[in-house]
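The next part holds the structures, each set out as structure tokens.
Next come two complexes, and both contain chain A; in the first it sits with chain B, in the second with chain C.
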Partner chain A sequence: MSIKWLSNQDYEKLLSGLIREYSLYAPCRSEKELGFRLVEEISQIAIEDSGNTRFPPKSLFFPQSEVLMKYNGILHSVEKEEKRKILFGVRPCDARAMKLLDHAFNDEKAPDEYWQSKRDSAIVISYACIAPGGTCFCTMVGGSPFGTVGSDAQFVKLEDGFVIRIYSEQAEKLFTDLPDAQKKMTQAANDLFDQVINGMPAMVEKQQVHDKLLSLFESDFWREISESCLGCGVCTFLCPTCFCFDIVDETLRKERVRNWDSCMFRIYSLEASGHNPRPTKSERTRQRVMHKYAYWVDQINEIGCTGCGRCVEFCPVNIDIREIVEKALHWEMIGGAK
Partner chain B sequence: MENPRIQKIRAEAQKLLIEEKVDVVIGFKKGSLPSKMQPFFASSVEEIEQLELNGLCSNNLAVYLNHRSKGERVAIICRGCESRAIQTLVLENRHARENLTLIGIPCIGILDIHKIEQKLQGSISSITEEEGQVVVVSGGREHRFDRLDLLHDACLHCEHPTPVNVDIMIDEAGWIPENSFDKSYCQAFRLLNIAQRYEKFSHETERCIRCYACREACPMCYCEECFVDHSRPQWIESTVEQAGQQAWHIIRAFHQTGRCVSCGACERACPLEIKMTYLTDLLNQDMERDYGFEVGMLPDQLPPFATLSETEEQFFHQQDGDHVH
Partner chain C sequence: MKNCYEPIPMHINRIVVETTDSTLKSFELTFDHEEDCRKFFASYNPGQFSQLSIFGKGEAPFGIASAAWEGDFVRFTVQKLGKFTSAIHSMHVGDRIGMRGPLGNGFPIDEWLGMNILVIGGGCAFSTLYAMTKHMLHPSNRGNYAEITALYGTRNSGLCLYKPVIEEWHIRDDIVIHQAIDVQEENWNYHVGYVPAVLEELSPKPDNTVAVVCGPPVMTKFTLPILTKLGFPDERVYTSLEKRMKCGVGHCGRCNIGHKYVCKDGPVFTLSELHELPNEI
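Showing the complex of A and B:
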């Protein structure tokens, strides 16, 4: 697909056009945090060289709480939005996460209508990270600060403007008026990539991690790494690839709603009989790590973590999934137990 | 430079393990990020060297008593709020006092990482503390801040930084004199009318994502089944909508009456920076005013609501119309 050039002078004009014709969501700053919000004016957009939204943009396709049906007898029909959605300024880790979530929700045999209706019509424009943060580790799990998986187009910010790499026909239409990027621009973007990637962590050997974790399934390892875990849902609720949900009937409102759920919660796996197959935080922590670093690998041969670093940054007790993986790989070497 | 207090803490902890007086020492160790420390459980002498304590230790370690078996002999390195939380947990039969060894350390207050981040751009590469100053390196540059400007609000409002009823005290004198902190913010909230109070409450709770980090970080939230998780009947909506968000926060606060130690661990755990202690601090003030009760200060004094009976003269004690408008 094509590579276009957008000068800094033309940035506002282009974005204004997109805001008029589409529902454009981009990182905007509120009192406390950065979050994807519907943009009314360009000045709201707050994309910086580094940093990500506190809440992952998956919530635009898979809201934390979503009404599935109302019980007036008929199934709640999925409403088509009038304007198409553009997600602008998505970090490559989050764009890749949405591609991973397609495996869960956009399965050919059993597509999730609620996800699909929002996802299929949306255009994802990612924004290359030119200054990855201290908790970023996309390169460790198969991503890249300039990764384009899940992106319809990607902006790379240079001094005088943006190189826009376009990967889908629907994105092509947005930028038809723009000139093609000259060789020196694309070269500058490539040079920038070389500079940014330098110093990022190396990719883990995913099969090795997968095999090692499975071999540790019954090990004391999990008790040790989960000893400080509080059992809250921060890691999973801020995660761009977690997709567990619970379906409840809100009887007063006559609605059937699906809410995000978390495998880190005590009641997540509690059965009606009172039996809990994951009775302690060891099993629950094991599930979170195994799902991302072993079960996803079994299913689609990819790690189900995109290295956004939210769980690392916001865990109240600093449980760091990078350390868990590293420690697992060396578990026997450090004696296996205290 | 190594903090001299940590050497004393390690020496005491080591002695307890060598003499086999405890099975585990709960403290903090260095975290994986410059801005973080991790709760740490040392059960062997070799691990003692990893113990650390500084202003980035943001959790209330008393919470871990609820995770461990009652028979375990535990030493906890505790600051003022942690000692009072442990006191309250012992009163509520969560752990036997004789199985606990409290290593007390007069607190110098916990740093609010969000206050640090607000003053800087770019990621932080190191944070060090020197007496009353905090030195932060970010973007290759060194920034110096007055420690008091970076303290978490709960620590600014703290009335008892020095631990109580401990077994071993490291350094008799605290670094910050008792009662030097500002408590006027409770009064400011009382002066708001009911609509203004509701506005403040709504503004805070609307960000809630129901991750329950506040609950899990709190030593006093140890119910086997929290009211929000109860499904038959379902007490409150689990859907992330205003009704459920507000019900969670107001009932959580009321369950803390006479039990909250005002440590602020809930706020520091919250990924959305929701303020919560303004509610519990008010309740604590009421407890002090109406019953002369301060949480966790005396080893044999149960919270008023644990002892209250309907025959009591002042069952529905109400004063100066503060509770009703």
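Showing the complex of A and C:
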């Protein structure tokens, strides 16, 4: 791993080179929101804007709606993209989320080639968070505002330029012309980290949360914390680690399509017989929380939430997954399980 | 890399109306390509399932109801219930259909060598048990297992699947079959009552015996405790679960019970494995 230095003056030159050679996606500001878009001009990039994009960048590998195949008479495979992608300015929570999604899609026996082909050809350059937002809690779930899981390289913004930490060979090639970062710059980056991390919430006891949630599986807890839930599903649609999908045939277009789905919807698990293992919002909320804080832990010993805070920020009735976890840990103490 | 979402092209070779009310039909599908057939049977294990696929109608999972030795076809017994199954029921011999499979784990029949096999099935969930029993009854496999006993319950005699073969099982001396219906009918000489009650009445011995249970959730729910009561240890009681599924390969997320996916880690679980999982069947 090498550490490079990119001065503010050279930033434009480097980025315009990348934009020419790759399809470069970065957070761009539109009237509605901050979102990952294909960059044509450097001025579009809003990497230093505070806050994260409305939608996580997972949609570049796992679009909200994706054609799996066309069936006009015979079956057609879907063509793959030519130009390599760079995702620039990904926040560490979202970069880590894509690493988690690799686990979900890269089943050994049945790898998901739609995810994998897009993922393989992409380089993820993250951008260290120097001003985490009010709903950010990456440190609570095993991440960090400077976390590098899922990053091929990471930019750390200093006053005069960027310290670039490089973690993969394919990223190394992008920055060969840059000078190595001097000791004082890397030191400044480290100092900045110490400053940012100070005041962020501490990591939860992963195993304790896991055990506690499982022990509450059949408790009234879930009814209480889901009482105000509208079942709108925004928490799952904006979540960087949610990957559930539905497969439907679009008969007019003659296409088989997969669309994002949500465990917060009633028909998600409804069977043809009428039986529904998750008939009310209590069971559905339980599934959302337990998938992230218990089942992922069982599967890969990691919490499947990266603390990006989107579900907290955009929930129309202010349901806060941090509070749910906190409440679960103290459920008996606060008068639950009467 | 093989695309796990791409259905294998098949044709319907034979259709059997199984029940007197015509709600259950068996479809025997043959492969369009020899290569696909070879690959399928190289990995097929009784208890596995496939996604059937009709372009324009979608996909749905069904248990495989045939043993490999029956021939180069794959049988699915389908109950007409929703949109997709209605579409299949309206299809004819010669029609094209897609299949993705075999999927899931199947029954670990190679671990049961030398043991007694107790098969307990109810209604249309009997399909994979039928495939397994047929497999075991084949002359080259029969010697691998000790006594084979089957208990098969249906609401009425007309709803019994695979009637000619079940009749044959009554006559054979290498399998004991107990049939049950809910209410007495004329000329019915077998058991009357729900499967759990009939099981308790039969009181099979748990020694060196594996019990395999497949049925509607309510039957399974009341049958498992009877087996426990009869002394069957949890790790020798097997059941096959069903869930709504889309991908069938562990990606789409919906068929989980706790951290296990029914499609990928199941559909066959032991009772001890189920006790480890949250109660969300």
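Keep this in mind: the second predicted complex is superposed on the first by the 330 of 338 C-alpha atoms of A that agree within 3 Å, B and C clash if a C-alpha of one lies under 4 Å from a C-alpha of the other, contacts with A are read in each partner's own complex, and residues count from 1 in each chain.
FYI, a residue touches a chain if its C-beta (ideal position, glycine included) is under 8 Å from a C-beta of that chain, and two chains touch if they have at least 3 such contacts.
Computed from a predicted model, the values in this text were never measured in an experiment.
In the three-chain model built by superposing on chain A, chain B and chain C fit together without any clash.
By the touch criterion defined above, A:Ala294 lies against chain C but remains apart from chain B after alignment on the C-alpha atoms of chain A. Contacts of A:Asp194 after superposition on the shared chain: neither chain B nor chain C is touched. Contact with neither chain B nor chain C is seen for A:Glu169 once the two complexes are overlaid on the shared chain. Working from the superposition on chain A, the chain A vertex angle toward chain B and chain C, CA centres, sits at 90° in steps of 10. In the superposition on chain A, A:Gly231 contacts chain B only, with no contact to chain C. Once the two complexes are overlaid on the shared chain, A:Gln64 sits against chain B while remaining clear of chain C.
When the two structures are aligned on the shared chain, A:Val248 is found in touch with chain B and with chain C. Superposition on chain A places chain B within reach of chain C only down to 6 Å, the least C-alpha distance between them. Residues 246, 248, 251 of chain A lie in contact with chain B in one complex and with chain C in the other.
For chain A in complex with chain B, the residues that touch the partner chain are 32-33, 50, 54-55, 64-65, 131, 133-135, 227-228, 230-234, 237-238, 246, 248, 250-252, 255, 257, 259, 262, 265-267, 281, 312-314, 316-320, 322-323, 338.
Across the complex, chain A is touched by residues 1, 3-7, 9, 55-60, 81-82, 84-85, 217, 242-244, 246-247, 249-254, 256-259, 264, 278-281 of chain C. Note for the complex: chain B touches chain A at residues 31-34, 36-41, 43-44, 47, 58-59, 63-64, 67, 122-125, 207, 209-213, 215-217, 225, 229, 234, 237-241, 268-269, 271-273.
By the touch rule above, chain A contacts chain C in their complex via residues 68-69, 71, 75, 77, 104-105, 107, 109-114, 214, 217-218, 243-249, 251, 254, 256, 258, 261, 263, 268-273, 275, 277-278, 283, 287, 290-291, 294-296, 298-299.
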